[in-house]
Structure formats: C-alpha cells, structure tokens
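Have a look at these structures, which come just after this line.
After this come two complexes, each holding subunit A, first together with subunit B and then together with subunit C.
Let's look at the complex of A and B:
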C-alpha cells in the first residue's frame, strides 16, 4: 500500500523513455500566444490582464532597478500555477512535487538575489544580517542566527513548495482510497469520506495557487532587500 | 474544451517556432494560394460550438447521417462500457478523486463562467472605446478645422468690402483733418488782417483827433477879444430877434 501511494510521484517514463520533458513543456500549449490582430479573444485578454495586474502588484515595492526581473517572475508564477493546478487532475504527474525541480528554481534565483545584493552594495547587504536596535551583547548571536536564516532561505523555498504539494496529493490519495474501499461495505462512512474529499479538493486548488504565489512573492521580497 | 485548446494551441504554434514559419509560408513562397495579407479575412466572433462543454458539434454533425441524433451518445456509452468491461480503465480511488475534481471544476465554470466572460468582454470594450474615442476626437477636430476653413474663405470674400470701408474711413479722417487745418489757417489770417485794420483805424482816428484838436486850437487862438465881443453881441441880437419872432408866432 505504501508503495502504491508514492507511485504517483515517480518521474514518468514510457517504455524506458523519460516523459518529464513533455510533462514540463506541455502546459505551455494551453496558453494562447499573442495574435497579430489588435483586439484579442477572451482567453488572451484574461491572460494579459492577469499577468499585467500580477506584475504590477508584485513589482510595486521594488525600485526601478529590480524591474528587470519582471519577465522572470511572471513566467515563474504562470509556470508554477499551471503545473500545480494541472497536477490536481486525475492520473497526472505534478513536476513540482519533485524536490529537485523546486530546488532548481529556488537556489539559483535566491543566490542571484544575494550575489546581486553583495555586488551592488555589500555594506547594505551585510547590514541585513543585524536587525536595528538590538542590544549590544546579543549582536554576535544575532548575526549568526540571521546568517543561518539567510542560508536556509533556498531550502525553505524549495521544501515548502514540495512539501505542500506532496502532502496535498498524498492526502487526496489516502482519502480517496479510504472512500473507495469503504464504498460498498459502509456507504455512510464512504459518503463522509467523499465529502471530505470534496473539501480537500477545494483546499488543494487553493493551496496550488497560493503556494505558487508565495514562492514568487518571497523571491520578490528577497529581491527587494538586495536591489 | 481540451480538444479545442489543443487545436487552438496547435494553430498558434503553427506560426511560431523553428518549423512553424516554414510550414505557414511554404505555400506563400511557392505561390500556390492566392493569399494576401490585406484585407484580412474577418475572424469568427465566437468559438466553435461544443456540446456538454467538451465535445465539438462537428462530431455530432459527422455522425448524424449514419446514426441519427443518438449516434454519438451511443458511441460514448459503448466506449465507456468497453473500457470498463475489458478493464482497460480500472475503477479505483483515482476515479473518486477524478469525480470530485471534475465536479468542482464544472461547478466553478458554470457559476463563474459568465461573469468572467463578461469581465473579459468589458476589458476588450474599454480598449475599443479608447481607440474609438481617439478616432472620434480626431474626426471632430478635422470637421471643426473644415468649418473654420470655410469660415475663413467666407471672410476672405468680404475682405474687399472691409478694405473699402477702411479706405473711406481714412479718407474721411484726412478730409476732416484738412478742413480743420484750413479753418485754423483762415482764422489766423483773419486775426492778423483784423489786427492790421484795427491798427489803421486807430491811426486814422488819432490823426483825425489830432487834426481836430489842432484846428480847434488854431481857431480858438485866432479869435481876438474884439471879435469875441462882436460875436457875442451879434449872438445876443440874434437871440432877441428870434425870441421876438417866436413870441409873435406864439400869439398868432
């Protein structure tokens, strides 16, 4: 049973050929490309509106120099939301449940912000390691604590996304298998489980979108600190 | 819906990507089609018709001649039965989660679909309205310019009259000025002449008075006392005679 539960997280292969590339590229087919005519259809308008308002909101606290990250953050957001929400469909593989993928997003981007901060204004970046107004005896301890928290950030980013999605998917599997096995013998309990499954599904949709948003938001915060 | 999406995305990918450009423009470079970029053919207003949200209407039309109205439904039912009976699709826990997620999705689309579509339409309408406003402003500006131009042309016609009136004005001013100066000159000359006349009169009067005074003085000087007495006696005798005459006339 345990083996069965985690099978959904195995990187998909077909006759020995890895399908992970298709799993990562396929979602972009769902989005309309900008058409050469002036007034777009509803999909394109909504897509444009969504990306526009999202970027406007996320980049508002960042100064002009950080606005060059707009394309990266928008792409990241759209990609993560698509992967997360598509993974909720049955028999699909969610790439964002793989820690390797999430770390591959988190570490380079976080490191980029840190290196940018240290390169442009090293004293300001080092100053982040000590909060204002700390009593003098606490200063060494606090610097160590703050640097540990700085170094843990990429780990936290990646693991947060992975853990949330993996936990969600596992819960869905568990509750649905419980409901399924109870379906014929104890139907009332099964209906309760189905109710739970419905609520869980709604939660998972919300979590999928929120986790993607949180990932990008935290990156923008790190950017704001360092730019 | 998904099939429609795939077709749409495939269409959009056709024009993009490394092979896409070649595919689209192959016919154009070989001049096999009479395609030209303008005028652009009109786009369909709405998407393709679908039944039950995912199945395109074309399938129903395709199967209608052979199997009638219920054909596609029978096809669907038969397909599902085949998959289930041959256990090609096994009902397991994922089926339950599939039922849940699809019911949530369908509920969401049915409830929020029209409002989201209206929102997207509103965004498009605003974009169109902005462009329309620019166009309308330009048109009204140009019509205003045409009217102004016509008015200017009408004004030009009356320009000759304006010039005549101005010319008359100026001529009148000049005339008035000339007459004023003429009057002034006349008055000045008259004054000078009057002065000369007055001077002459004065001179003559002075001469006259002087002459009279001289004559009187010489006459009075020439009268001797003897003559004076004689003349006084004569005057008295004349007066007596005159008195006598008048008395006589009075009594008569």
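Let's look at the complex of A and C:
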C-alpha cells in the first residue's frame, strides 16, 4: 500500500465526462463583465486598471503592428494567474499542471510569432538566426545552435509552467503529509513542518503569479522579435 | 433566441481578431489538434508508418489514459497504472 503522489495531477472525470472543462471555465465566471454605463463599480475599475497597467507595460517595447496582440496577452495573463492561484486552494485541480494544456498554449502562440515574422519580413526573421559580429568560421555552427534554440522555445515555455506548478504542488503535498503523520508522535517536528508549509504556500502563491507573468512576457518578447 | 444572439454579439466583436489579427494562430492550433489525435487515438494508423516502439508507446499512452479515467466502482484491472488512493490526506 503506497501513496501515489501523482494522483492529484490526474485529469478529473465524472462518469466519463472531463471535469477539466469546468475547471477551465472558472476564471470566466469569477471576473465582472464590462458595464455599459460610464462609471463602473470598484471591482470593475480595479480590473480595468490592472489590465490597463499590464498592457501598457508589456506592449511598450513592441511596435504598433504587434498591438493587436493586446487582447490575447491580457486574457492569457488573467487566465493563467487565475488558474494557478485557484489551484492552490485545497482539493482543487490545477489545469496548468497538465503538459498538454501548456503545450496547447505555447506551440500555437510561438508558431504564430514565427510565421508572422517570416510573413512580414522574412530577411529580418532569418537574420535572427545569426547574431551580429559572429566570426566567419563560427557562422554555420551558430546558425545551427540558434535554430535549435528557436525550436526549443515552445517546449521550454510549456514545460517551465508545468514543472514549476507540479513541483510546487508536490512539495506542498509532501510537507503536509509529513506534518500530518508526525502530528501525534513528534509534535515539535510537526510544528516545524507546518511552519515550512506556511512559507512554502506563500512561495507557491508568488510562483503561481510569476510563472504566468513569465509565460506572457516571453511570448511578448518573441512577438517583439518578429514584428 | 438569447443563445443565438449572444453568439452573434460575441462574434461581431471578435471577428476581426480571429479572421485578421490572429490568422497565424490557426496553423499551430491545427498542428496541435493533429498531434493530440495521433497520441491519443493514432496507434492503429501509426503501426503502418512508424516503428514498432513508437506504436507501442502510443498504444500504452492511450490504453493507460483509458484506465486512469475509469470510475472506481468499475473495478481495477490488474495492470492499473496508478495505485488507488489510500491516504487520509488525499
């Protein structure tokens, strides 16, 4: 009888119906819709302020052509932050621990930036494969290396988010299991474990928000290169 | 009908994005859809074109997923991938 630590990451189903669909709808249900009147309530104003500041900050290095991605980047950011932080509640399922979901975000978005780059200015896009000032003998090697680094980007994007969240949830489960099992026999050790758990939870809240931000920031950087 | 007009309202706002701004996205979405299909259901057709090892891996993944999502009251087959949850915490 061994405890399988990875059971918490299994995609939940009920009578064959995937519950991940409901989990993915949760962010849409939590935020207020824009109101038709001139002055919104405090929540909507706060939401608008946050999205406005975020978009201003993330789109400032990108030229006007890339500003059509504002809606996508803002939505993605709010979506990922909400999924990540909701997943920190006990007994909730975090969809962003699934590699399939994160790759489904990373691959189309990265590929869209690459295709955009080749469509708008192919010479400029190909020029990214060779850094300026490269010595001539190193040119073929560096082109291969830069091509590999380009192709590895979507994998890194998806796996970074998955691994960070999975590792965090796993650590929380391990430490909480240790604290629970030591509670009666070794109370001091259990209280230390509870203290560690508190710090870990604070760290995981930060990681949840930072990883969502990093995902969107890297996408904006890839967009900046290709626009 | 409210559902129809809701979709119509949404599409009238989002149409320029899906048809003009995010055209390149559809390529990636198509590729990922095909890849997911191949990994989940493509074992039989993969057998014709790919190596035996890749076919076995795809079959393993698709069969494993089938048994992972089996409800508990169905009973566990002998080769169930993950053990049942026996901890009080989980």
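By our rule, the second predicted complex is superposed on the first by the 224 of 227 C-alpha atoms of A that agree within 3 Å, B and C clash if a C-alpha of one lies under 4 Å from a C-alpha of the other, contacts with A are read in each partner's own complex, and residues count from 1 in each chain.
As a convention for this text, a contact is a pair of C-beta atoms (placed from the backbone, for glycine too) under 8 Å apart; a residue touches a chain by one contact, two chains touch by 3 or more.
No experiment lies behind these values; they were computed from the predicted model shown.
When the two structures are aligned on the shared chain, A:88 is found in touch with subunit B, with no touch to subunit C. In the superposed model, A:147 makes contact with neither subunit B nor subunit C.
Contacts of A:224 after superposition: neither subunit B nor subunit C is touched.
In the superposition on chain A, A:116 makes contact with subunit C only, not with subunit B. In the superposed model, A:29 lies in contact with subunit B only, and not with subunit C.
Once the two complexes are laid over each other on the shared chain, residue contacts for A:15 go to subunit C alone; subunit B is not touched. When both complexes are overlaid on chain A, the residue A:42 reaches subunit B alone and has no touch with subunit C. According to the touch criterion, the shared surface of subunit A, contacted by subunit B in one complex and subunit C in the other, consists of residues 173, 176-177, 180. On the subunit B side of its complex with subunit A, the touching residues are 5-6, 8-10, 12-13, 16, 40, 43, 47, 92-98, 100-101, 103-104, 116-117, 119-121, 123-124, 127-128. By the touch criterion stated above, subunit A contacts subunit C in their complex at residues 1-4, 6-8, 10-11, 13-16, 68-69, 71-72, 100, 103-104, 107-113, 115-116, 119, 173, 176-177, 180.
Residues 17, 21-22, 24-25, 27-29, 31-32, 36, 68-69, 71, 82-83, 85-90 of subunit C touch subunit A in their complex. Listed in rising order, the residues of subunit A touching subunit B in the complex are 29-33, 35, 37, 39-42, 45-46, 49, 88-91, 172-173, 176-177, 179-181, 183, 194, 197-198, 200-202, 205.
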